[in-house]
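Below are two complexes that have chain A in common, paired first with chain B and then with chain C.
What follows is the complex of A and B.
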């Protein structure tokens, strides 16, 4: 393919429905750096919030773990969008579907394990001796 | 004129072809929804590598689940609150976050074909990543010196497995980083080298996502527990 053909192909792609963050060879580098800077700023902000909530006791103690988890999930989203460029663009449909499956798997694996084992520990604490199954509800 | 053909369309035009528009106009040149031909190799390679990253994350999820279940099993040994130093963790987090940023700038420099900027940014990424790894190894050494070794309790076994597995990934990533610096230097901005470097960048950013889970769940939740 000649250089002119490649340039024509690129300009055709540019007019098309292209996801933000999709880098093409001739793209402006400053624009890209701005995107990464926004991502870095948001990530630092969320990390700082997480550490601040734990270190300074300015929120209700039982809410601290919830806040930390929420900040962590938000920061993972920031990383996915600004660093990994998972977008809603047409070239990203398959990536988003794979990510959805991954999230489902992770939630089932971690949530299920912790839930079941916490339940088991709870039951073990209340009945150290093996109890007849009909006596339990 | 037959009832099925609309005016203005070439005979043989299929208004229902995959990705096409009903009126035959406005076909998008973007790939990924069936229009515009097959997806470029860059997209396909990134998708394949993304599947690998997700499977890697599933593996980390298993280690997170094990840690979540075993964190209470301290066997009268040291508890998380007695072991973790948040200042140390904040420093590690800062190094890894900055390295993610410089890795992103290196990717941009690569697509802009700017060799000096690419090599400089990759070198900075390496230094930041190596700094992270050094801090982590120092923390492990300190823990073991204080008697909190992996065999001490179920909590410590799962802690060293989870955090150590992330550290191992960072170490492999550093080797890969050096490989890509050398390949771009010697082979130039070839398409396959560009795709490989893009996969490395995905890997490096994904490690940062896993670290967000580690510092939140292991260290921050561990300290307040």
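What follows is the complex of A and C.
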């Protein structure tokens, strides 16, 4: 069997029969690097913006926190798209689901814990109310 | 030099555990010595200890689980027999020892009995059912297993060197802080669970990846067997929940080792935060264990009723609903410890809602059986026993989810009865059902039915007697974790529970005898065809035991019940599918990374427990070096030549063809 035949044979096998440990076709590396560079640029830009609005007073002071929050959310978006490769493409369902899964459970855990602990502190950490009258024996 | 470790660490004053451990140790050493002397060690090392084959790792998980279940059961026997002598008397176990026993019992049963059994079954069956050759990361799989074994080892070492936690199976502060638990018991707990917990997390990542990314062509999500779905849900829960446990125990460790104050109420910490975080892992954990068992029951019930699973899609929905809901109920474990009525109310409702998808499952199983031709194989008996008893456990669960009721029943024997009712009936029965069901696939011969049935009938009747008595004891006001008592009303029920344990013991012995008898009679129990139960999912398409590569060519899946479809077509035409074009297969090479990593992890754990800092550093360096060596390996796979694949596959085809000709002859007659 010639080398070319072997290669063809191998790629045929890849399509029909991908067992764990076998390599998948390589992706276009240059395209990948470009994506990361754009992402890095945007992330740096957004970081710089947040510092800028705080340090230079070209926006109305009470609006600064809102601006920073907006930049932070945009920052998350940039990370998700360029670094974690969340897209709407059909081959991306797993990534999107993984993200939804992570967000859901983090929200449940942190939200739930904050709520529960605050409620318990509210209930339990008071100095005790004046004792009811049955306490006298 | 040796930290806190001195000769005093050996509890000479407590002869019972010492003798027990010495016996176990001697047996273990004997077995090891025998394998070495008889020359079996090289085989064990090459083919099992260093194996990265998911089937072998699955089997090793189950063996570990069986051994540890027996350990946990011995603890239960100790507790129940002690209680027989503890009426108006101190009993034979001193309190500080009794406390270690119920703590160790809980830890061993949950982390080293139930967990490895379920993970073992998933490891074994999921890749076969998906029609693939291994899990996504075979070596990582071996690491996971050996880390679990390392944790189990540490728990058992605590029998002879030092002591185990006296805190119960969740080490709640302030009791578990250094002030109130200055000994090494809680440290044994922490490091055993941290090490095995990392193993579990890695195994969760591995199986999730496998199910999402490595499936046979055509095996879309909605064509996966039910067991794969429940495995997916269970492993997603592992990935979501185990980090919480690890973080919580890490904080407890910081409190104990470095004087942090995460959970000490003085200094700004909050002990209820431990409770909150622990149960945020703890309730999902219940479903991590129960979901795979539901999957086993689905496979078994459908196979032995000779029908497809009723309302497959509703079963998928129910599984995923349980998966999400299980993360929304954790507060029911501390209704009584301070939350207000509003919070309690919300969590009470979520807790009750989770019974709905579970009920859906029960009805789906019932309708699967309805109109079917039921064969009462042992695994089917376990499944039926589960359905009958689990409904009771579920009902008492809904009862406990009502906060006012829980204020009465919390931490009573009623609660103990409830969680054993669900744990034993779902997880243990599920484990035994899966064991009887897949055993021939793993070893090539069936288990003896007679002894299996003895084990079932004694097991289930003992279970009903023990925990029935516990329910009543709870209603009579007995609290959990009592070391002695003087209430005359309780006495008869405690005697009855003691009798129930004897019944269970007969069941356990029968289970062991079954294994021995089956091994000795393996020739007559041989599974020739690879499909002993007339199965429906792809694992039954392989020979028993399957070749390392599972499938000579990836099966093409065209619908639900992949194997049933193929088999039905073959029976129709009285011929097999055409032979595939055989090609060489690449498989990962066995390697000792897992066992070596776990060796160093055990060193780290032991060193941290006894404050032997240099040894901990050494262990860490060793583990890192092992990782580096593995990462730099230059050959990861070996090739099985096409001719070999062909030879193995033809053997399987021949037996299948003979079976088909049998069908043909019967039809002709």
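Keep this in mind: the second predicted complex is superposed on the first by the 69 of 137 C-alpha atoms of A that agree within 3 Å, B and C clash if a C-alpha of one lies under 4 Å from a C-alpha of the other, contacts with A are read in each partner's own complex, and residues count from 1 in each chain.
Just so it is clear, contacts are C-beta pairs under 8 Å (C-beta built on N, C-alpha and C of every residue); 3 or more make two chains touch, one makes a residue touch a chain.
Just so it is clear, the model here is predicted, and its values are computed rather than measured.
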Applying the touch criterion given at the start, work out whether A:124 contacts chain B, chain C, both or neither, answering first, second, both or neither. second
Once chain A of both complexes is superposed, is A:38 in touch with chain B (first), chain C (second), both, or neither? neither
Between chain B (first) and chain C (second), which, if any, makes contact with A:94: first, second, both or neither? both
Using the superposition on chain A described above, determine whether A:80 touches chain B (first), chain C (second), both, or neither. first
Does chain A have more residues touched by chain B or by chain C? B
Going by the contact rule set out at the top, does A:52 touch chain B (first), chain C (second), both, or neither? neither
Should A:109 be classified as contacting the first partner (chain B), the second (chain C), both, or neither? both
Mind working out whether A:66 is in touch with chain B, chain C, both or neither, as first, second, both or neither? neither
Overlap of the chain B and chain C footprints on chain A, residue-wise? 13, 16-18, 94, 101, 105, 109, 112-113, 117
Can you list the chain A residues touching chain C in their complex? 9, 13, 16-22, 94, 101, 104-105, 108-109, 112-113, 115-117, 119-120, 122-124
How about chain B: which of its residues touch chain A in the complex? 28-33, 36, 39, 43, 46-47, 50-51, 54, 57-58, 61-62, 64-66, 68-69, 72, 86, 90, 93-94, 97-98, 100-101, 104-105, 107-109, 111-114, 202, 205-206, 208-209, 212-213, 215-217, 220-221, 223-224
Can you list the residues on chain C that touch chain A in the complex? 132-138, 210, 212-214, 217, 236, 240, 244, 270, 272-273, 276-277, 280, 324, 327-328, 330-331, 337-340, 342-343, 549, 553-554, 583, 585-588, 636-637
What residues of chain A sit close enough to touch chain B in their complex? 12-13, 15-18, 23-25, 27, 29, 32-33, 36-37, 39-40, 43-44, 47, 50-51, 54-55, 61, 64-65, 68-69, 71-72, 75-76, 79-80, 83-84, 89-95, 98-99, 101-102, 105-106, 109-110, 112-114, 117, 121
